[in-house]
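Below you'll find the structure, written out as structure tokens, and then a few comments.
Naming follows writing order (A, B, C and D), and every chain is counted from residue 1.
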Amino acid sequence: MIVAMQETATEEQIQQIIEHLVRMGFSVHRTTGVRQSILAAVGARIDFDTRNLEVLPGVQEVHRISAPYKLVGRTFRPEGTVVKFANGLAIGNAEVVVMAGPCSVESREQLFTVAQQIAQAGARVLRGGAFKPRSSPYSFQGLGLEGLKLLREAGDKFGMLVISEVMEISQIEMMLPYVDILQVGARNMQNFNLLRELGKVKKPVLLKRGIAATLEELLLSGEYIMAGGNYDVILCERGIRTFETYTRNTMDISAIPIVKKLSHLPMTADPSHGTGRRDKVAPMARASVAAGADALLIEVHHDPDKALSDGAQSLFPQQFAQLMGELRMIAPAVGRKMA
Amino acid sequence: MIVAMQETATEEQIQQIIEHLVRMGFSVHRTTGVRQSILAAVGARIDFDTRNLEVLPGVQEVHRISAPYKLVGRTFRPEGTVVKFANGLAIGNAEVVVMAGPCSVESREQLFTVAQQIAQAGARVLRGGAFKPRSSPYSFQGLGLEGLKLLREAGDKFGMLVISEVMEISQIEMMLPYVDILQVGARNMQNFNLLRELGKVKKPVLLKRGIAATLEELLLSGEYIMAGGNYDVILCERGIRTFETYTRNTMDISAIPIVKKLSHLPMTADPSHGTGRRDKVAPMARASVAAGADALLIEVHHDPDKALSDGAQSLFPQQFAQLMGELRMIAPAVGRKMA
Amino acid sequence: MIVAMQETATEEQIQQIIEHLVRMGFSVHRTTGVRQSILAAVGARIDFDTRNLEVLPGVQEVHRISAPYKLVGRTFRPEGTVVKFANGLAIGNAEVVVMAGPCSVESREQLFTVAQQIAQAGARVLRGGAFKPRSSPYSFQGLGLEGLKLLREAGDKFGMLVISEVMEISQIEMMLPYVDILQVGARNMQNFNLLRELGKVKKPVLLKRGIAATLEELLLSGEYIMAGGNYDVILCERGIRTFETYTRNTMDISAIPIVKKLSHLPMTADPSHGTGRRDKVAPMARASVAAGADALLIEVHHDPDKALSDGAQSLFPQQFAQLMGELRMIAPAVGRKMA
Amino acid sequence: MIVAMQETATEEQIQQIIEHLVRMGFSVHRTTGVRQSILAAVGARIDFDTRNLEVLPGVQEVHRISAPYKLVGRTFRPEGTVVKFANGLAIGNAEVVVMAGPCSVESREQLFTVAQQIAQAGARVLRGGAFKPRSSPYSFQGLGLEGLKLLREAGDKFGMLVISEVMEISQIEMMLPYVDILQVGARNMQNFNLLRELGKVKKPVLLKRGIAATLEELLLSGEYIMAGGNYDVILCERGIRTFETYTRNTMDISAIPIVKKLSHLPMTADPSHGTGRRDKVAPMARASVAAGADALLIEVHHDPDKALSDGAQSLFPQQFAQLMGELRMIAPAVGRKMA
């Protein structure tokens, strides 16, 4: 941590800051310049709230040097994390994985119809929501356990792994027998109690970026899970909130190369939530692979107009198949191929 | 709902949209203009996802007319909601209420020291966190039940009501005997399962705006609680995320008059989280009252440098007492006085 | 325009709004529903400020139906605009054009060194700034007319067209003999006096999106130029300001497919300014082409560490050449090839 | 400037960075820690682009220590700047000044009607736009010189100073005989050529914050003017762009106390543009004074429904008079009175 003192700071103020830092467990190196003094505080604590120094008398500004995370940083595992599954599939290596399926599991017929078509087109993981707490208290809320069982059955039948979203701690146990990847949604990215529990689980976790979360905060949430012992964390960009109103969110494609540089964890993209509009999903899916994404999450529905949730952002199966073809052409440009 | 068709829309496309709307339960009025056709869809559903129409062929744009909420709207209760407590205090009438206290309950000594000083200065509600899931997995996590008991004891001793934050459904039962108001933090503003449970509770709920939540979304979350039967909902502005980096959040003071116009619910402000810096708390507290806030939430700590959380945004007790004096001068300018 | 009246609006208020609209030149159709009245106002004016109605008594909300632009809309020219140049190059057809060069023209040696290398790698337009008003009053301000002459000479020598930024009206005349495309920077996107003058010019204009401009505002600025008679307008995404701080701007790749749908004008992307960091330029350039961009603007410098401006976002010539190879692999996935 | 090297940086990389810094004119102090090396670069240059270091091999992150401005910083003039006028009025002392008037000067009758009423209510400066380049090419564009003459005449007649907006360099000369303060609008906050010319003028300049400008950028634009020799700079908050859509802009009240701390320049607020809605102007004007604003800019029109621009955000004269009464009650709470 670097503390820059104001030009007008008195020697007494500087001494107080130094003592404060020492009391917090830091060792301090002081540089006295022509205009101001600069204190470099070195120590093991990474959870120090720098604002506590900023508001003290004589302090101009404070910069944290070490990133506030350890385990998710690229240095921890420079070669990169590859999350491996029993069926041989892996996320984070040279093969780009596509996870697809409906927003919500609505019925056996719906799920199996979609699952067959996406498997045939090249999806390797089946996605679908079993719990759907909605922003309106008057909407469809999901099939629950029944949805999980259908996902497992459809995944097994069509040769796909299964991913589904966990909304709260009490659902974890129930989900474990049915899913291969536990997904944490954007609204739960900073539900630290949930993250802590997922740190104890022996299955991979896909963690989505919150709509107002910086990339540093996304990484810190990943740290929460890894700190609990679960190192199979997959990160995901799904759009942030900006002033632009044409799309529900602004998908931050640059998050992909940035996270790949800062962290060793696989970085994926969800263009369905990232744009919220069917006609923008394919361009943004292509852009994600071109920018280096390790995997994609794409919503597909065989009859989106009748979907009980998020139909507007679901591709038709034919659109999905066409997109897969385009992705197969783009992947080699970044030295990869589609899984 | 208004659906504007593209100038190039065919008659067949227009008919399909009309049929689609009728199928969804709307009745449709069509206006055929020189440039384009406009469809007015009238019906009882308020949870319709307008994007489902936006992506259909021939549609130019869709506007929802009725607000997606009913119970929280000003028309539901034009005279305004006043949340009343057994000791005679009320939030939402001509008296502005100040809720104050430390970020976290750290110890009996800390809490009672702060409580005595703020009560003397005019605080009418004691605030304090018992559960503190933190953004870093390596930080202090709160005293839990012990903290709740201390809050109740201190509140009773110094004549203040008690407010504390509920983080998850499992904590509600435990908290009810000890608190007068249940607070929902910004990160949980869209935790719909939690909101649903709070709708069944017989105690007032203070709901904070999420850092990326629009005011419409805040109102819709209030609707969730009211829809469950709990009409004692209090809303709170506590800063939103913007591009400005000097403060942690940008406190949106304009949210106060806007919510007061759109809704009958009391609207309050939290300048401590809204700014994140002690030296900005007093100006923003004054601004909130000047803009019409019904109550304030202010963090106070007798030794902020040693606070286990958020010390940087906590006022010293003397600063708090001075602020109370300033607020007493401002309140009459908006036809009110301090409770 | 649609005006939804409040449920509590009186008949007198409704009549006043109708009269107000008629006075403004609209004809009005009224629908009286169970809950509220809705007024559809039809007329030729597209510059009406809807807020004037929003603040009138009894009005709930106002929605503009027709987009506030005419000439830039896709309906005006459904087949799309192709901007053609004397040497046969075109922007907006099946060939993706790359414009490259240094941020500023610094010297003949610098410019010719870069120009030769990028031309060889496949750039078809040479970019370079002659006027560089900088955010610090203490920085390099550009070579001016001398820079324009060097650009023309280098462009001719290496077979490239020339694009350079015009900062104010007084520079237009001076620039016309030397450039093939006049570029309007993000800060001038709403300099309406400048846009009006560019509407009279007989050369294509590349208009960059402002860092806080919505896509509707970008289109409206394009309208300004077209309204003056200059239909050769090219639009450009170059990053918007968001809460994320890792990159200077967040490049909004979704702007590419959105603008292509709303407008007939060619849509291009500037990943150098869009990210501000050399190591993010190539991923975002690839993403732009994958999302359907008609052209790219890329900064290249043979010795970026010594560049007088924006060296940090300039590619080395070898990096540029490698990127061109990658783009040649991606373009066919969207049915195109590199020009 | 502080350069933190990566943990994995080689000694050779560290040496290269040191040499790079020395070549740029900095002297460098190195601290070698257990985890990483930290370089403190000290020197006179304040316009250094830190990204140039960020992209070099081995660099983890770079922090600028000294603010990139000198003249506008609080240390330059700790007692604060008071801008004084010939008639005895001053901005920046214990008296809060209100500047009011119509958005645009539309006619003699309009201007004089408004001017008389606001002067009577306590406005000390008359505002009004003479040049109105509009976002739509089809709107009223202002009276120009005739408008300036009317402003001067009305100001003199009713005992008010005059402020009006300068849009481009060519207007400065024309405006000087008629105005007491030159206003720079939000869109021109980074029009550095214009700022440079205003640095040579002998009249005060009121500089508005751009809708996407950080406070640091606002201060740097103030620096531009001061660097030219004009020290009478007044800063102004007028709303920033955020994700919230209910108001056109989100007025950042916290900018007032922040700028007052960082700079010695007077800080003012424009609640009319800050909110864009008449019914929010009074609450935000009160909030601004409560937060410490030195002056306010408020739009008033005697017949806003017929205003040629921005009628929706103009107060009626009676509303303005009532607001002045409220402000007189609030000012003493911050140790001030209304001028």
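Basically, a contact is a pair of C-beta atoms (placed from the backbone, for glycine too) under 8 Å apart; a residue touches a chain by one contact, two chains touch by 3 or more.
Please read these numbers as outputs of a predicted model, since none were measured by experiment.
Colleague: By mean C-alpha coordinates, which chain is most distant from chain A?
Modeller: That would be chain D.
Colleague: Can you compute the centre-to-centre distance for chain A and chain C, using the mean CA position of each chain? Integer Å is fine.
Modeller: Computed from C-alpha means, the inter-chain centre distance equals 31 Å.
Colleague: If you average the CA atoms of chain B and of chain C, how far apart do the two points sit, in angstrom?
Modeller: That pair's centroid distance is 38 Å.
Colleague: For chain C and chain D, let me know how many angstrom lie between their CA-based centres, rounded off.
Modeller: 27
Colleague: Any chance you could list the residues of chain B touching two or more other chains?
Modeller: Counting only residues that touch two or more other chains, chain B contributes 212, 241-243, 245, 279.
Colleague: If you connect every pair of chains that touch, what shape comes out? Choose line, ring, star, complete or other.
Modeller: Complete.
Colleague: Can you list the residues on chain D that touch chain C in the complex?
Modeller: Touching chain C: residues 20, 45-47, 49, 51-52, 54-56, 68, 133-139, 167-169, 187, 190-193, 195-196, 210-212, 217, 220, 223-224, 227-228, 241, 248, 276-279, 304-305, 309-313 of chain D.
Colleague: What part of chain B is in contact with chain C in the complex they form?
Modeller: 2, 4, 6-8, 29, 31, 33-36, 38, 40, 42, 60-61, 63, 65-66, 75, 78, 241-243, 245
Colleague: Report the residues of chain A in contact with chain C in the complex, numbered from low to high.
Modeller: Residue positions touching the partner: 212, 214-216, 240, 242-247, 250-258, 261, 274-275, 279-280, 283-284, 286-292, 326-327, 329-330, 332-334.
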